[in-house]
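Quick one: the structure is below, questions incoming.
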Amino acid sequence: MKKPDRKSVIFFLESNAVPILFLIIISIGVPYSGFSVDYLVQEIIIRLSRNSFLVLSLLVPIMAGMGLNFGMVLGAMAGQIGLIFVTNWNIVGLQGIGLAMILSIPLSILLGWMSGKILNMAKGREMVTGFILAFFMNGVYQLVVLYGMGSIIPIGNPSMVLSRGYGIRNTVNLINIRQTLDSLIPLKIGNIQIPVATFMVIALVCLFIVWFRKTKLGQDMRAIGQDMHVAESAGINVERTRIIAIIISTVLAGFGMILYLQNIGTLNTYNSHEQVGMFSIAALLVGGASVNKGKISHAFLGVTLFHLMFVISPMAGKNLIGQAQLGEYFRVFVSYGVISIALVLYAYRKLKEKERAGTALAEAQEEK
Amino acid sequence: MSQNAPLLEMRNVTKDFFGNVVLKDVSFSIERGEILGLVGENGAGKTTLMKILFGMTVIQDTGGYGGEILLEGKPVSYKSPLEALDDGIGMVHQEFSLLPGFTATENILLNRESTNYNFMTELFGDRMRTLDRAEMKTRAEKAIEKVGVKLDENTPVSEMPVGHKQFTEIARELEKENVKLLVLDEPTAVLTESEAEILLKSMRKLSEEGIAIIFISHRLQEIIEITDKTLVLRDGRIIQETPTDQTDIEEIAQAMVGREIHAEGDRAEVRTFNAPHLIVNNLWVDMPGETVRNISLEINKGEIFGIGGLAGQGKLGIPNGIMGLYPAGGEVRIDGKTIPLNNPREALDASMAFVSEDRRDVGLLLDEPIDWNISFTGMQMQKRFLKPVLGGLFRLRDDKAIEDIANHYIEALEIKCMSPRQKAKELSGGNQQKVCLAKAFVVEPDILFVSEPTRGIDVGAKKIVLDTLKEYNREKGTTIIIISSELEELRSISDRIAIVDEGRISGILPASEPSKAFGLLMLGKVDSKGDSK
Amino acid sequence: MNPLQKVVEKTGWPRLIIGLFLLSLFIIAPFAGVKISTSLNDTLVRFGMNGILVLAMVPMIHSGCGLNFGLPLGIIAGLLGGTLSMQLGATGPMSFFIAILLATPFAVIFGWGYGALLNRVKGGEMMIATYVGFSSVAFMCIMWLLLPYNNPTMIWGYGGTGLRTTISVEGYYLHALSDFLAIRIGDFVFPTGMILFVLLLNFLVWVFMRTRTGTAMTAVGSNPVFAKASGVNIDRTRTISVILSTWLGAIGILVYQQSFGFIQLYMGPFYMAFPAVAAILIGGASVNKASILNVLIGAFLFQGILTMTPSVMNSLIQTDMSEVIRIIVSNGMIIYALTRVKKGAK
Amino acid sequence: MKKNLFVFLLMTALLASSVYAGGSQEAGSDSGEQFHIGIVTGTVSQSEDDLRGAERLIQEYGSVADGGMIQHVTYPDNFMQEMETTMSQIVGLADDPMMKAIVVNQAIPGTTEAFRRVREKRSDILLIAGEAHEDPATIESAADLAINNDFVARGYLIIDTAKKLGVDTFVHISFPRHMSYETLARRRAIFEAAATDMGMKFVFETAPDPTSDVGVAGAQQFILEKVPAWIDKYGQNTAFFCTNDAHTEPLLKQLIEYGGYFVEADLPSPLMGYPGALGIDLSAEQGDFPAILKKVEATIKEKGGAGRFGTWAYSYGYTTTAGLGQHAMNVIKGESELLKMSDLMKAYAKFTPGAEWNGSFYTDAGTGVRADNHILIYQDTYIMGKGYMGTPEVEVPEKYFTVK
């Protein structure tokens, strides 16, 4: 063991800059927010159980080198349509969740296949294309849900349909399935409730991802992610594999949305899906993932840090400035500012690593 | 019948690229377990020959080839490299085709992984089979063993020394069950001597097992050492086909270079110089794959100075380092004035110019027209090709002047193009090279570095490029430093030639010395082991 | 046949199809009870309003910084200029030029800082730009409340401090450009001044791109290594392009406001980047190549579709469904343009 | 990986310790008032009036931070995307043991679930939703009391007022997403029925959704462009109504210039649209609604809009925040009954001297269920240059209560 010299301390700081940054912000923010420990811990647990699945759904396309899947919103739409049907048929509890998931699968596959095709055609412009695709599909979704449902697609439940006779109302009460999974296995430590069953499902998807990496398909995706050209020359069908990656991500996003909404308890029919894309991606980035590298640990770390910041910053901002009207702006400023800084730090770290390798070489040569 | 037929036979293979003949009536055969040495200068047609064998799409795209290829007596014509692989022909490329983040095992078994059954395959097909890591490990180990090296199969490729990458590539080819013929394209170029030794040993072992090998190398020593038969290609023709034990390095080199006889006429008249212009002391350059360790040079005013050496030895690092494109250290002086390193601007301001060996990435703006490419450096460095507007308030690009200068060089260098506004990426390699030269000529430098000016261009263009350089040197008195892998090219134009080996100068000789002398310098005859560690 | 093919190739199929679509909307319009004169007028006005914001994409695309999702930063500079000009009591068209003057230093400072940031994250510019845009908008929300503005037409009616979300520029620079030399033919008003100004700025950028620095910018975007080897300071050139983009964003929003009639603060700049990005992409630009022609075509087509689809669709189909159809059609067109841009080029 | 874990642990430790600091800090301010009331509103840029109502309460009862009774927080500006933040903001209020009531105005999506969570944790907290955005049935299931503007009665009354002003065409401007709100869709249906019954022409115009790809600016620009065309098409005697706040400002601006009527906004207030659209200087009148109204009225008259523009004399958003806060306080003190209409009106009246209110309990048109905790209210319409229209006295015919 060498004694830790200045260099290694700097190295440590550099390579952990983002978590340290968050640590500082949170340690300043928490006292200012005035929240109790119970509340904060409970809130983080809830948010982990609510969002992890969605964030995890982003990992597969990253593995295949397709970057962050802004098209996950499509999966969320599929999940929502599943939930609308389940609520309409008045299917209660776990069966409801299960059925909604099953209903979402064919839709997700269809949507995923479509967005995979489009992204293949727009290589290198995936991000912008993903944005616009989400807008486009939002229109289609509105067409189906607001005009198709109740007129073409029969919806029998009058409390869901607008009184004009067609179209789903802007909110669907998911009381039938609300937190059925979360409270399936009740566990309370002190005042803190832990949704054991949800975490088990999340663990399951983690296992799936770990297992998936070990399959032939997973291996192929990793290969494509590293170098499309080499993979192709080894005989892997690149385009097809990329589409499969997006489909898997979309299906998982659909499931994730259902888990998210069973916790939230109400479906914001025309907007819920808009919530997930941007925030899941931001959380994953904050966790240390990048456009071409994402690990399960990034997802969890990201959700924890990102949401902890979101929980404490409005109150902290308000108390820090002393005006409620500024608290919200302060929160948005700090949150997005921190995300920008985090991204810059990650980029900077990568640059430094490259530089370090370079200087090591030069030093070795100087010595000779 | 297939028992008696040679493993591979090529009959009268001919290939031209748009009328430019690169292969003519090439016929040879190779038996099982035979090692065939394929030698020839760059551009002699070796690579094209191998591309034809593997059915690379570029061959079909450019009109196919003439003649026929027989594998075990059966005519074959591959549409894609994958088909060739299926028939047991493997190739190790000069550029690595490896995934940096994958371990050796994963790379060796890429897309041929061992897998286990699980119930998901019933639902989603075979791609859901899980990888059998244990089995993969044994298979990889076996393949590595075949190569005969010690290699940790769990190391990611990105962390491997370059030699191990090479072994990984070879192991990948050997791992294929039915491999009968292996093509190794300059596998030893990046290896240290001891590593090369190991490779040669394993090649011998493979041939004993009945695997035929086509071995392409510039290291003639190795060819002599290991091959059963030597095939010399020059200008697309087979010049010499002899059992290796009946020839020697000198004869091969002679056959390879060939033009020596008439090249003699081209030889630069012996000139003497005594005004040192560019002085380089203890230069090191961190250029990946072309590391320069410690080089000192003294170059005279008005001289054409050649720098030669094998690929990967560091000759390319010298101009790149001096011009500030890669991290460098040491001292560079022009007429006694020290030039700061690591800043391209300083180098350019000192009236140096550089024609990079990397045309696509460094030399050209591929998406921009020819005239832009030619005038850009001149405009940025010397504020030329600008015309004052509004009484000199500010200055705009002078499109007329730009076009004029472009037209001038298009004519002077015989650049084949439709117009000066044609995009650089639409030009052929040779014409792109001429554009790069024109770009350097435009700034009228005192010192011009030209790196691999003839790489990948045809014989006709080669001549124009070299003649132009010579002419330019004679007319303007420009000091030219030309870096090339092709010795004869250097000899035909340079006054003196330095040979770089392992990042150091192994010797500087007048160009009039026989090529053999240079060849010996190149082949590492200078004992460098003493100071390398 | 051949010249026709050439035209098609030059414009590109996506633009041709979108153009034809727009044309068909204009043809249908009178039958749907929409006046052509007003529609044409609206399209022209919108083209003028957005032309410079779209133009603000160009310098950064040229220097290889990608699409400027950080446009809100430039807009903020413009907002500062506009509000300060009003605060200082400038009125009439003069206030417009004072606003431009005042916005300039902010744009330069913001652009410089933003450029320095982007130089550290080469390759990941667009993602970072998005977040930088968001956070700067939120930061300015705080500032709008805290800065000591006290022009009574600008501050909150009830609270008495802080700026309103929407500030009318009537009496200040409303139509400062639009009314200049405006030509009226019945309903149709040609906003000569604004269009001229937009064309002027486009021309200036076109001119700038032909100076030495402008040429260097294009080279940096096209091949940074080449530029470096030719002695160009890459970071500096990129920063200049970011500053220029930011400044154009600032001017762009002022031109927008003088026609629009309102200054929109707070979350206003939040979603301004997106239409500009979409417009330039429709215009045929790619992430690393854009010309003035792309700006003009893109701004016209995108804004044309935005103006025409809702009014024509709404008149054709008498339900609220028309808005949904509009979203599907216009975004579908953009996706189509995005997936076709680079076909043919290697 | 390991380093990340280490940092994570370190962070948790730090978090715990700092929370202790926070906890002790909080304990200091425990003594003093008997209870706290949490007020959740939009930000100043999202909905100024709501926020000013909260400030009004703070002015009277003090904020918790200064030892007072009111704890005021805001929900996100882009609340449609950040439902989670809204929820944790509301639930976070229940973390205060002194909290006795939470008033959310406007009760945007997420309020229902937040209320459910508060109730699970603290069943003693009074939960009141002002101007519920979520579906009535949904919010009713969670809130103790939900308030909306009386979209049923107003469906008739606005048309009725327009008729009295001499309007012959009624243009309703909205877009699909808003039409998915039961409250807005139903009001639109009533508008149409009432207009037809009164011999008025009813027109539905679509404008771009400000939350869609065009953004707020694009949506407003559309209104600016289209109003002259609409006036041209439907004539000067046309009244306009739009469901979106962002659309209101450009609409007003153009109506003043080109003619046409504007009975009242979706959420009426003298501050809704007018100051921004007309650039009115209100510095002398700040904080005083009657004075503000007078100033706005004067400006409108000056621009020739007398008799064409209306509002409620007191801001709906402002009075709802303040009124509900006051009502909650009265209920907790035992002076009022939560679900008694007259007690609620009493609280509202405190902030609206001189203005008449009316209201009723909500009955769902789809299911026919009458809710006992969902009250719809409206204030007298004030037409500038004309004065109060006396709408609370106008009887709404029974048939309109069942229009779907």
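Letters are used for the chains, namely A, B, C and D, taken in the order the chains are written, and counting of residues starts over at 1 for each.
Assume contacts are C-beta pairs under 8 Å (C-beta built on N, C-alpha and C of every residue); 3 or more make two chains touch, one makes a residue touch a chain.
Just so you know, these numbers come straight off a predicted model, no measurement behind them.
Once chain A is left out, the chains joined by touching do not break up and remain one piece.
Of the two chain pairs considered here, A-B and C-D, the higher C-beta contact count falls to C-D.
Per-chain Cα centroids separate chain B from chain C by 48 Å. Averaged C-alpha coordinates give centres for chain B and chain D that are 73 Å from one another. Separation between the centroids of chain C and chain D, computed from CA atoms only, is 33 Å. Touching of two or more other chains is recorded for residues 132, 135, 138, 142, 146, 325, 329, 331-332 of chain A. Counting partner chains per residue, chain C shows two or more touched chains at residues 141, 145, 274, 278, 321, 324, 326-327, 331. Taken residue by residue, chain D touches two or more other chains at 43-44, 77, 176, 179, 212-213, whereas all remaining positions touch fewer. Chain pairs recorded as touching, per the definition above, are A-B, A-C, A-D, B-C, C-D.
The touching residues of chain D, when paired with chain C in their complex, are 43-45, 48-49, 52, 55, 77-78, 174-176, 179, 204-209, 212-218, 220-222, 224-226, 228-229, 232-233, 249-250, 253, 271, 275-283, 285-287, 292, 315, 318.
Chain contact summary for the complex, chain C toward chain B: residues 207, 210-212, 214-216, 218-219, 222-223, 225-226, 228-233, 289, 346. On the chain A side of its complex with chain C, the touching residues are 118, 121-122, 124-125, 127-129, 131-133, 135-136, 138-140, 142-143, 146-147, 282, 285, 290-291, 321, 323, 325-326, 329-337, 339-340, 343-344, 347-348, 351.
Across the complex, chain A meets chain B through its residues 211, 214-217, 219-220, 222-223, 226-227, 230-231, 233-236, 358, 361-362, 365-366, 368. If you check the complex, the residues on chain C that touch chain A are 67, 117, 120-124, 126-128, 131-132, 134-135, 137-139, 141-142, 145-146, 274, 277-278, 281, 286-287, 321, 324-328, 331-332, 334-335, 338-342.
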